[in-house]
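Chain naming follows the written order as A, B, C, D, E and F, and within any one chain the residues start at number 1.
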C-alpha cells in the first residue's frame, strides 16, 4: 500500500478549519479550510423568491459556485470574462443547491430566498464537498438570524448535511482526496449525507476502469466515516448561536 | 403496492425499439424509442482532436445533448435562441460523454474525434439513459465503418455500456421511470454499467427525503436487472455488422 | 442536357413522404421526407402572445428552425453550444413564419400563440421549403385540435401554402434541388405559393452570374408546377381529421 | 388612385444625393440620401481574407449593416448593447454582401478582403436598397484606389449594381417606398439589378394578402425603371476618378 | 519646441463645426466636427424611466457611444457583431452620461428619459470630448422641444457643459490632441467643465512616465482655455431656439 | 464640521492590514483589509503574452477585478451568471492594470504575462484603490520569485505605486471614504501616485454639483498625505523578501 503524499492514513480527513463570520455583511459567512482548499461561503437573504414560486408561501435555497482565477497554480480563466459558466461550474452549483434544499423545510421559510455563494479562494481538491459543509453553516446562521429578528417563525433546517469525496487511488479506497490524488483516481465519488446517516447525493464516476460493486461498498463506508467527523465539527460551531446584528 | 400508470411491474422496462441507420449521412445513426421517449443519436467523425490533445496520438469521444422544443407537452425554449445551454443540458452531455469514453480505448482510435449527438425528439423520462444506450450503438457503428475503411486499425470499444434510471416512487423501488413517475420520485438514480457488470456512473439524488442505505442497495439491484436486458438488445443489433458506405 | 444525378426529369419532385403525428406530445407533429431531406415539424400552443400583442385579441404564429449537428455528412456546430443562431438560421425561420402567417386569419385565433418548430434531422437541400410544407400541416392539425376542444372558435387557416426550391443548374431550370445541385446552382430560388395560385414569397438569388428575366419566368413556372403537386399531397393528408387527444 | 403622401407619381424616385468621400479615412466612403433616408457607406480594405479562403488567391467582399439608435422617431435599441444582431440586420447585411459579390470578379482581387459598412444615420424606408447603391460606389472607389496604388492589378468590378424597393400600396404598384408606405404595403419587394438589365436578387413578400403573377410583373417593371435611373446617378459620380490619397 | 503636425499652437483648438438638426427624426440632433473627428449626437425621448426610478417623479439622462467600423484607417470590429461592448466603449459612455447629468435638474424633467447617442463617423482623437460638446446641444434642443410642446414644464439644463482633451506631447502641454498626438502622449487628460468654470470630470492618466503636480496644473489651465472657447461656440448655436416640429 | 461615522479625522486612513501569501498557489498573493473592505489580490504568471505582443520581447501586466456576490449587504448578481462584466467592473480593472503598468519596465520582463486578480471579499468603499495597493505587492512578490528562480533577469518594478480615494462629503474634503460616505459624496476622486510623488491616475467626478479648482487642490493634497502612509506600509511588507517556493 502506497503512502499518501501528505502522510495521511487512507481513512483520514485533512485538517479542517471553520471560521465563522469571516465577513460580516452577508447574513451568514463561513470560511472553510480543508487542507489547502479554502472556500468562502456566504448566505444572502432576499425577500423575493423566483417567479415560478411566488404566491406559494414557500421559500427557496439556491447556490452559486465559482473558482477565483488565482485559486490554482495554473490560472483559470475568469468565467465572467469568458461570458459563460462552464458545465463543471453549473454541475457543482446544482449539487450544492440540491444538497442544502434536501435538509430544508422550504414551506417553513415563508417566501424568502437564500442564496449560498461558494467562492473558492484556493483549490486543492474537494472544493464542492467543502462548499456543502461550509455552506450548510452559513445557511444555518442566516436562518438563525432571520428567526432572531422575527423575519422567520421557525428555523427551517431539519438536520445537518455534510459532504466528502472518496476515491480509489493506486487501487486503494481513500477518504478526502487532495488534487494530486483526485487527478489520478481510478474512481471518484462525492457523497452527501445527513446527521441521521441517510444519503442526499451519491455521485460515483469511473475515471479509468469501470468499478465493481465491492469497490462501491468500500467507498460508501469510507464516506460515512468521514462525514460523521465533519458533522461533529459543524455541530461544535453551531452549538453557540451566531452573534446578533443591528 | 400501487399499480404503475402504464401497468408495468416494478422491475419491468418500457418497450424498447432500436432503429439503426435512421439517417444515413452521419457515420453512425440510431433512433432509440423507450416507451414514448424518442432520441436520435448520431456519431460524426472528425480528423481533428481538441487542441489540448494534438500530437498525443490519442482519440477523443465527446457527446452533445439537446431537447427539441416540441419534445414535451409544454414547449421548452430553444437553447440556441436563448443563447446558452442550461446547466441540466451540460450535466447530461458530460455524463453521456464520460460513459462512452469509459468503454473506449482512446489510444486505439488514433487522432480522431467522434461526436455523439443525442437529440431528444420526444421526452417522457429517461432521456439521458436512452442517449447512452443509443449513443453506444451509434458510436460502435461509426467505429466499425472506420475500421472497415481502414481509417482505424482496431475497433476501440472494449465492452458494451448501457444505462437506466431507477427510483423510489410511492415508497416502492421501480425500474425505468416514465416522466410522470420521475417528477414525483422520492429518490432518483441514473446508473451506467458495462457488459462485465461493473459501474461507470452511479448518480443518486434524494428529491424529497434523504434515503437509506437499504434503498440504495435495492435500486442498484433493480438497475442491474434492467441494464442486463438493455445490453442484450444492443448485442442483438450489433451482432450484424452495419451496412458499408461508399 | 445533362441528366440529374438521381435520374429525375428537370420538372420532377423528389419522393415525398408525410408522417402525421410522428410524435404525440405537441399539438401538431409532421415528419416530412423529401428525398433524403428529413424535417420534423411540430406545432406547440401557448396561451400567451408576445408582449406587443397582448390585449389586441389577435393570435400569432411564429417559427423556429434548426439543423441537428449530425444532419449532414460534415457535422455542423450546434448553435446552442456556440451561443448564437446564425444569420442563415434566422433568415430561414423568418421566412417560414411569414409564410404561415400569410395564410392565417390571426384575429380568428384569439390570443393564442402557435410556434412551429422545424428541426432538420437530415439535410439534402430544400430544408426550408420542406419546413413550410410540413409546418403547414402541423399548424393545421394543431388548430383543428384547438377547434375540436373548443379553445378556438373557427379554424383560422384560410388556404393551404406550400413551397419549393427551383434553380438553374448546368444552364437548365430545374425543380426541387438536392444539395449537390443547390451547391453549384447559378440561380437559386425559393417560392412559396397558396392553393389559389398566388405568391407568398419569391426569393431569387444569382449565385454566380446575374440572371435574365426569361430565366426568372421559367423558374416561376416550374415552381408553380411543383407546388401544385405538394398542395395535392398536403390535401390528401388533411382530408382526414387528426386523431383527437385526451 | 390615392395621391402619395409626398406628392410623388407612382413611378417616381425620391430625391437622391450622393456625397463621395464624406469621410476620408476609409478607402471608399459615400453618404447616400434618398429622401429622408441617410446611409453612410464605407469600404475598408484588409490584407487578410477569411480563414476558409486563405491560399486560394481569391478576394472577398462582405457587408455589415446597422441602424443608429437615433435613426428613427422611436429610438431603436443598440445591438451592441443587447449583445446580438437581430435576424433583420443579418438578413439585410447578407443581401448587401451577396449583391456586391455578384458583380465582383473575386479572383481578380487577389487575397484582399473589402468590408462595406452601411450605417443608417436616418431611416425612412429603403435603407437596404440605399445601402446597395451607396455601397457599390464606396466599393468601386476603394478598388480604384487599390489599382492606382498598385495593390490590385485590374479593377475587379465587372458591371454596376443598384437596388430599389417596390410595393403594392392601396392596391397600386409604387416605386421606392418611404417608411409610411412600406409599413402598410400589401406586397413589398426588393430588387437588385445590374447595368446589363439582369437580376441579382428578387425578394418579394406578401405582407397581407398573397399576390398574383400580374402584380409581380408590374412590380418588376417598375423596379427596372427605377434602377435604370439609379444606375445613371452612380455612373455620373464614377465618371470622375476618386481623389488619390497619400 | 516641436511644431504640431497640423501647424497649430499648443493652446489652439482644431476647427470646430456644429450642424444642428443634421437628422430630423430624433428630438435633438447635432453633427459635430472637430478637425477630422466627426460625431453624430442625437437625443431621443422616452416616456419611460429605468425600473429603479419609476414613481420617483425624476427623469434620467443616459448616453451611449459607438465608433462606426469604418471610422478609422484600420477598420475596427463592429461591437454588435462581436456581441459585447468593449471596456473602452463602456467607460466612455459612462463619462458622457455623468457629464450631462451633472448639469441637468433631473427632478425638473418629470419621469422622462432622454438617451444621447454619440456615434463616431470618423475618429481622429477627442471623440469622447466631442461627444460631450455635441451631446450637450442635442440634449438642450430635445428639452427645448419638450418644453415648447408642453411635455416638460421648465427647461432642466442648469448650465452648459463642454469638454476637451489635453496632454503632454514631446514634453509640451498641448490642447485638443489629434489621434497622432494622443497615441504618443506621455500624459493624457480629459476635462469636463461648466460655464461657471467648475469641474465635472477630471481624468488624467500617465501613459508612459508618471507626471508631476506642475504638469497637472499646466494641463488644467490649458483645458480651461479650450473649454471657454467651446462654450462660446455652443452658446452661439443655442442663442437661436430650435425649429419646432409638427 | 460633522463627525465621520467611524470617528476618524478628515485626513485619517482606515486601519490597514496586509496579509502576504494569504494563499500559496499563485506566484503572489496578498489579502488587503482597509477597514471593512477586504480584497484578495493574486498575481499569476504565464509564459504567453497577448497575440499582439508576441515577438516584441516585452512583457505585459494586466488586471481583472470582481466583487463576490456576498460582498455587500445586498447581494450583487454574479457577473459570470449574467454573462457579461459590467461597465463599472471593466472601468475598474482597466484602471488597476494601467496603474501597475505605469511603474513596470515591461521590456525588462521578457515575454511573460502577469495577471493580477483582485477579488473583493467584502466591499465597504475604496475597493479599487485597495486593489491597486494590494495588487502592487502581489505583483512585486511574483516578480521577486521569478527573479529568484532565474526566469526573469532583473526586477521590473521601477518604483512603488499606491492609491486612495478622497472626496467632499458634507462640504468637507475627506480621505479614504467608506461606502456610507462614498454614496453621498458631492465629489469623488481616486488618485494613484508613485513613491516619487508623481501622479499615475487622477479621476475626479462631480456626483452632485460641479466642483471648484480649490476643492480639487484640497483633495489632491489629502490624497498625497494618505498615499504616503500607504506606501510606507507597502515598503514595510516588501522590506523582507517573499518566502521561496519549491
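Throughout what follows, a residue touches a chain if its C-beta (ideal position, glycine included) is under 8 Å from a C-beta of that chain, and two chains touch if they have at least 3 such contacts.
Which protein is which chain? UniProt says A, B, C, D, E, F = Ribonuclease PH.
These numbers come from a predicted model, not from an experiment.
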In terms of mean CA position, the chain most removed from chain C (Ribonuclease PH) is F
Distance in whole angstrom between the CA centres of chain C (Ribonuclease PH) and chain D (Ribonuclease PH) is 29
Taking each chain's centre as the mean of its CA atoms, chain A (Ribonuclease PH) sits from chain E (Ribonuclease PH) at a distance in Å of 50
Where chain F (Ribonuclease PH) touches two or more other chains at once, the residues are 83-85
Contact graph of the chains (line, ring, star, complete, other): ring
Residue set of chain D (Ribonuclease PH) touching chain C (Ribonuclease PH) in the complex reads 84-88, 90-91, 93-94, 98, 102-103, 189, 193-194, 196-206, 209-213, 216, 220
Counting only contacts in the complex, chain A (Ribonuclease PH) reaches chain F (Ribonuclease PH) at residues 22-26, 29, 36, 38, 40, 42-44, 46, 64, 66, 68-75, 78-85, 89, 115, 117, 119, 121-124
